[in-house]
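Worksheet: the structure to be examined is printed underneath.
Letters A, B, C, D and E mark the chains as written, and numbering starts fresh at 1 in each.
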Amino acid sequence: MDIREIMIVIISAVLINNYVLQRFLGCCPYLGVSKQLETALGMGMAVTFVMAIASAFTWIVQHYILLPLDLIFLQTIAFILVIAALVQFVELVIRKSSPTLYQALGIYLPLITTNCAVLGVAVINIRAGYGFLPSLVNGTAAAIGFTLAIILMAGIRERIELSDVPPALRGVPIALITAGLLSLAFFGFAGMVK
Amino acid sequence: MSSNIILSVAVLAALGFILGAGLAYAARAFAITRDPRIDAVLAELPGANCGACGYPGCSGYAEALVIGSALITGCPVSRKEASERIADIIGQEERMNINSDKLISVVKCCGNNNTSARIFNYSGLEDCRAATRFYDGPKKCRHGCLGMGTCISVCPFNAITMSPLKLPVIDRDRCAGCGLCVDACPRQVMVMMPERSGIQVLCNSGEAAKAARQVCSKSCIKCHKCANICPAEAIFFDNGPAKINFDLCTNCGLCVQECPVKCIYETNRG
Amino acid sequence: MADPLSRELIVSSAPHVRGRDNIRRMMYDVAIALIPAGIAAVYFFGLRSLLIVLITVASALGAEALIQRAMGRRVTITDGSALVTAVLLAYNLPPTVPLWLPFIGASIAIGLGKMVYGGLGYNPFNPALISRTILLAAWPVLMTSWVVPFDAVATATPLAVIKMGDNLQAVKDLLHVDSNLSLYRQMFWGNHGGCLGETSIPALLLGGVYLMYRRVITWHIPITYVSTVAVTALLLGRDPIFHLLAGGLILGALYMATCPVTTPVTPRGRIYFGLGAGLLTMLIRAFGSLPEGIMYSILLMNAATPLLDRYTRPRIYGKGAR
Amino acid sequence: MRYKTFPQGIHLRYHKQATAGKPTVTAKAPAVAVVPLIQHIGVPCIPQINVGDHVFMGQKIGDAEALITAPIHSPISGKVMALEARPHVMRRDVLSVVIENDGEDELYPDIMPYPDWERLDPDTLRNIIREGGIVGMGGAAFPTHIKLAPQSDKSIDAVLINGAECEDYLTDDNCLMVEHPEWVIGGARIISHILGNVKIVVGIEANKPDALAAIRQAAGEGDDISVIALDTKYPQGGEKQMVKALLDREVPSGGLPSEVGVVVNNVATVAKIFELITTGMPLISRGVTLSGPGVSAPGNLIARIGTSMEDLISECGGYKGKIAKVIMGGPMTGISVFTTLVTLTKSIGGVVVMRHEDICHEDPVVCIRCARCVDACPVYLMPISLYHYSRSLNYDQAVEAYGLFDCIECGCCSYVCPGRLPLMESIKHAKAEINNKRQKQHGR
Amino acid sequence: MRPIEDFSNGLFRENPTFRLILGMCPALAVTTAAINGLGMGLATTFVLVCSNTIISLLRKVIPEDIRIPAYIVVISSFVTVVQLVMQGFAPELYGILGIFVPLIVVNCIILARAEAFAGKYGVVRSAADGLGMGLGFTWALTLLGAVREVIGTGSLSNTYRLFLIPQFSLKIIRGFYDPALITILAPGAFITLGLMIGLMNLLTKHR
């Protein structure tokens, strides 16, 4: 696979088909952890880490266990198990190595398990027929796209905190609307990679 | 078909085993300990994170309690029963000190915009602390409430509202007795009083009668009429406005009737 | 003399004097600056463009009044901000749009672009551009039907033509000119298909100079924006002059990328804003499937504005370097 | 011609023409002088006299033991009628010495000049300055002898004389420089002598050509004094801005000018030092501008300390129109007092009277992020962020990342804000709240 | 009475989409048409009811420490069932819902209900809770889908076929109405849902 192809995968996953803004994957943590820039960045990094590893692991599981044994229908179960274990592992590591980060991410670290972007990217990798390297690249790029979207969002939400949003729209509704407008702005990247 | 099922189960079991083993190892390698009592104590605390205890939120206080660096009585919001349960959890033998009376805050001033004179026209931030920095605030009375709502802004329980005549009104049901408004008030016009008591002298001015009358028509003039009529002898004077000893007060309300300037109120009647 | 104590003086914090400018004045300055472009629009595209502008303005003011009333807030439609938003939106519409579209667009701009965030000063994105992108996504055909100036004949914009053919010859054919110079001249004056208010560069520049003179806008964003577009075009092997004159670059750089609410407050932030917007504009024009990148690039930089503000804080006097 | 200046800042409307050309008038000594015992930054004075005592003009009536303090002298001769709390510029009341004027202006017998000052050592001179009660007369009121005794590890290489007078309306420094340039230059030489014969740089805004010419002439041809014209821009007279403009040095955050080898003094202070050394007269009077649209006949006065504003304003023809604000100092940083019974103190260089129609009555609207405050701030802060953090009580962020305590409270941000937000007021409030909190924590 | 309360709870008071803000991804992704929302909602309901029941049955058996992985295994088994069934019987819908069918596994509603409800209460109540939550999710998605579809295309294309409603359709307004394509695009999903949640907040506040 040449550089060009990899670049296409990256630009596509980060900008054009941004996993949150265009594909709706990972919306729960996106809405939940984007209130502050620091935590958003932490979450982004955690997701990046988990997604990169998960892409690799699930590819291996798919191609070296499920396919040879003809057990493709077990894909969902197997993948989610791998991801759940990975997330728990990351949680343990962060709790030990950076208590402040752990405190900041709080309940959202376990939520990476239910971050559908992680499982989503694994499934998409398989469905798109990516090889090992493209899978890894796609997973990482998707997570970078997630991080980009979430830090932009966090910046805006910190500003929204200071504004006079009508009470009914405070919190999630205004965040959703902002995400929509952000998604609209990302339309500009449409067609950049053919 | 059956071989397929067996294979599935086997694969999943193997996967589960490998991942489980890995996690078990990780759990041990990266283990950290946290005293489970902290969470237990935290569960008993009010969870308003008001900070009245002086710690960063309830969790900080819970940790301090378990370590032993804080007193159970440190949380002014906790009710007696909760405090006793916390004492059970951390095994602290301090129940004697647990406050049995719930305290609530009260504004010791009834000088509203109509009765209390102004000395200048303040035009600045709507904040009592900011206003106090300008010549002790725009009211002629230097002890009374400025009515700009700093107490409202610090109240974590939304228990205070502003009356149309610019005096804060405390919702006795919502007030948790954290005392943050008392700390925040630059005039020391907010005080804590037992919730069960109803009578309070709503004047904070220690000025002599004449000076006090000049600045506010509702100011306590130290006439001692209330003290004289009080059957429980609960009202006394010590270089200031009339004060009530809540241990003696029977809420009979005679002083309220007697006060010539009407600055004694039955606060629990709104 | 009366007792000095009986005189109730006003006590307040310094400073006791204030500058002359206020928000209303700034907004009306922008509105004034936009007048020449409006005249040009009427000149090129007929009185219908005036009608579109009027409908947009009326709907925007109406929508703002209605929403503020509904939210139980003070109605502030006279502060000029809705007026400016509406005029900018109208200038971003093709002259052929059905007359209900400016009404919808103005409502979206005010409602979704501004009021949901609490009104003036709080919106993270430029309301006029939000509205335009939504309209474009909702009614792509209506929003891309262009006409030849002085004529109702359908045409394409120079940018759309160059997107297809990738060379200036096609544009020259489109505008019936034979030399680059006359092409530039015709594009400069605005004699080509496009949105109402974006085509006539001299009219826009006139307003821009007025705004700079009145200190409503600073040079940072327009200059960096325009020059980044030129440099990027050069690097990508495109004709920089064409890209400066084509599309809504000047309208965007002078009036929309300078919208104070949605751009950084720090000088360095503003420069990065211009750089980023210029780069994105050219990337979209060169590689994207859309012919024009102004609005998306500005919206994307709007989104990055809080981060720019945060990471381009000025060095405080006496901190760091001597 | 490009004048030296500092980056950013704002242009004001100035309004100086009403008083700039007029010669200074000596005001009547007050019938009753009310001399507050707080007239400087530092420890308040303790009265040195008793009620009923007779005091001479120039006699010390208040002093304190502490290091940072300056004594206070009687501005008139007469009888001490009372020692009581009286209205004050900064507070509702402050312990003041109330002296009834006997009209004699009997000079305190100990007062005598120091003609041979050049032979005195710096410590003696500093002590003379202390005993003369000299404080910063540009508004800061910091005891001057402390300023002239920089810590030993700092080597001072320049003394800056601040003649910027950048605020609206005020012209007393201008008049002083035009009428008595030799006092300014003489005083500067004394300070230079105290600091070890360092170079003298006088900075004057270019909108005062008369003052520039007069000072230049008085300075002579020697190269120990340079007189530099500065751009007319606010806050050119700010100490840090002065250092930046004249020497292109930046005073470290939270530090003093002495840390970059500079001592800055206002022209009025310098002239007063000259007066003290050459006549022995302590600081009992000062030049003050009475101006603003609410004064009938604006002018510059030499007035005794302890004269009430009421008296000073009647000296200038009384009020004109419905009075709304009486401001001590310039309108950008001055204090609007609550009563005109407050009396003149050492650091009040101007009284500006505003009518109702002269003040901005617009309510705060909203921030449209126009960034004018950021572009105006002479210490390169982001006032709007500070404002937001102050309002959302996020003080830590404001202090750490946004330099709350670097604010010099010049008021540029509030002045330029088209949304009329109380930017500087919020910043000041946040500072006071944080200091309050810190004090409480120390108390615990 | 308890199960009935549990059931109605999920429909309105704790509607997963409008009140608990759970399961945002499918709510945004598949609601380009009412029918898709309905399909997704019913699939989720099925998984939710089954998993709630099983987890409630097993709640005393599953050790505390590994409950989350155990829940996930249970949930993913049912998701696999749904996946296979849908693939067989509604391939068209399966194609449209795409990867969001396997992603039901990570729908926070399911794990959240398992953790918050099924792990604590009995079988009947858990099943009722699952059904209520599921149907609450379903009507929310269907409504959202309907709104987006009507505004975005001017009709409810497949729904009438499903309910055998004659095609009176919204064709009438076709002549007057130019569909606003935006609502069936990604930004439209976010904005419509945001406004709808805001509307719900408004309605419940006034009640």
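List of remarks:
Just so we're on the same page, a contact is a pair of C-beta atoms (placed from the backbone, for glycine too) under 8 Å apart; a residue touches a chain by one contact, two chains touch by 3 or more.
Quick caveat, the model's predicted, so the values are computed rather than measured.
Placing every chain at the mean of its C-alpha atoms, the farthest one from subunit D is found to be E.
The greater number of contacting C-beta pairs, out of the two interfaces A-D and C-E, is seen for C-E.
Chain geometry summary: the mean Cα position of subunit C and that of subunit E are 41 Å apart.
Centroids built from CA atoms put subunit B at 44 Å from subunit A. If you average the CA atoms of subunit A and of subunit C, the two centres end up 34 Å from each other. Subunit B and subunit C, compared by their mean Cα positions, are separated by 51 Å.
Residue positions 5, 9-13, 112, 119, 121-122, 134, 137 of subunit C each touch two or more of the other chains.
Touching two or more other chains at once are residues 74, 77, 81, 85, 162, 166, 169, 174, 177, 181, 184, 187 of subunit A. Residue numbers of subunit B whose C-beta contacts span two or more other chains: 12, 16, 20, 119-120, 124-125, 134-135. Within the complex, the subunit C residues that touch subunit E are 112, 134, 137-140, 142. Put simply, subunit C touches subunit B in their complex at residues 5, 8-13. Residues of subunit C touching subunit D in their complex: 1, 4-5, 7, 9-19, 21-23, 25-26, 79, 81, 119-122, 218, 260-267, 270, 309, 313-319, 321-322.
By the touch criterion given at the top, residues 118-125, 134-135, 138 of subunit B touch subunit C in their complex.
Partner subunit E is touched in their complex by these residues of subunit A: 21-28, 31, 73-77, 80-81, 84-85, 110-111, 113-116, 118-120, 123-124, 127, 166-169, 172-177, 179-181, 183-184, 187.
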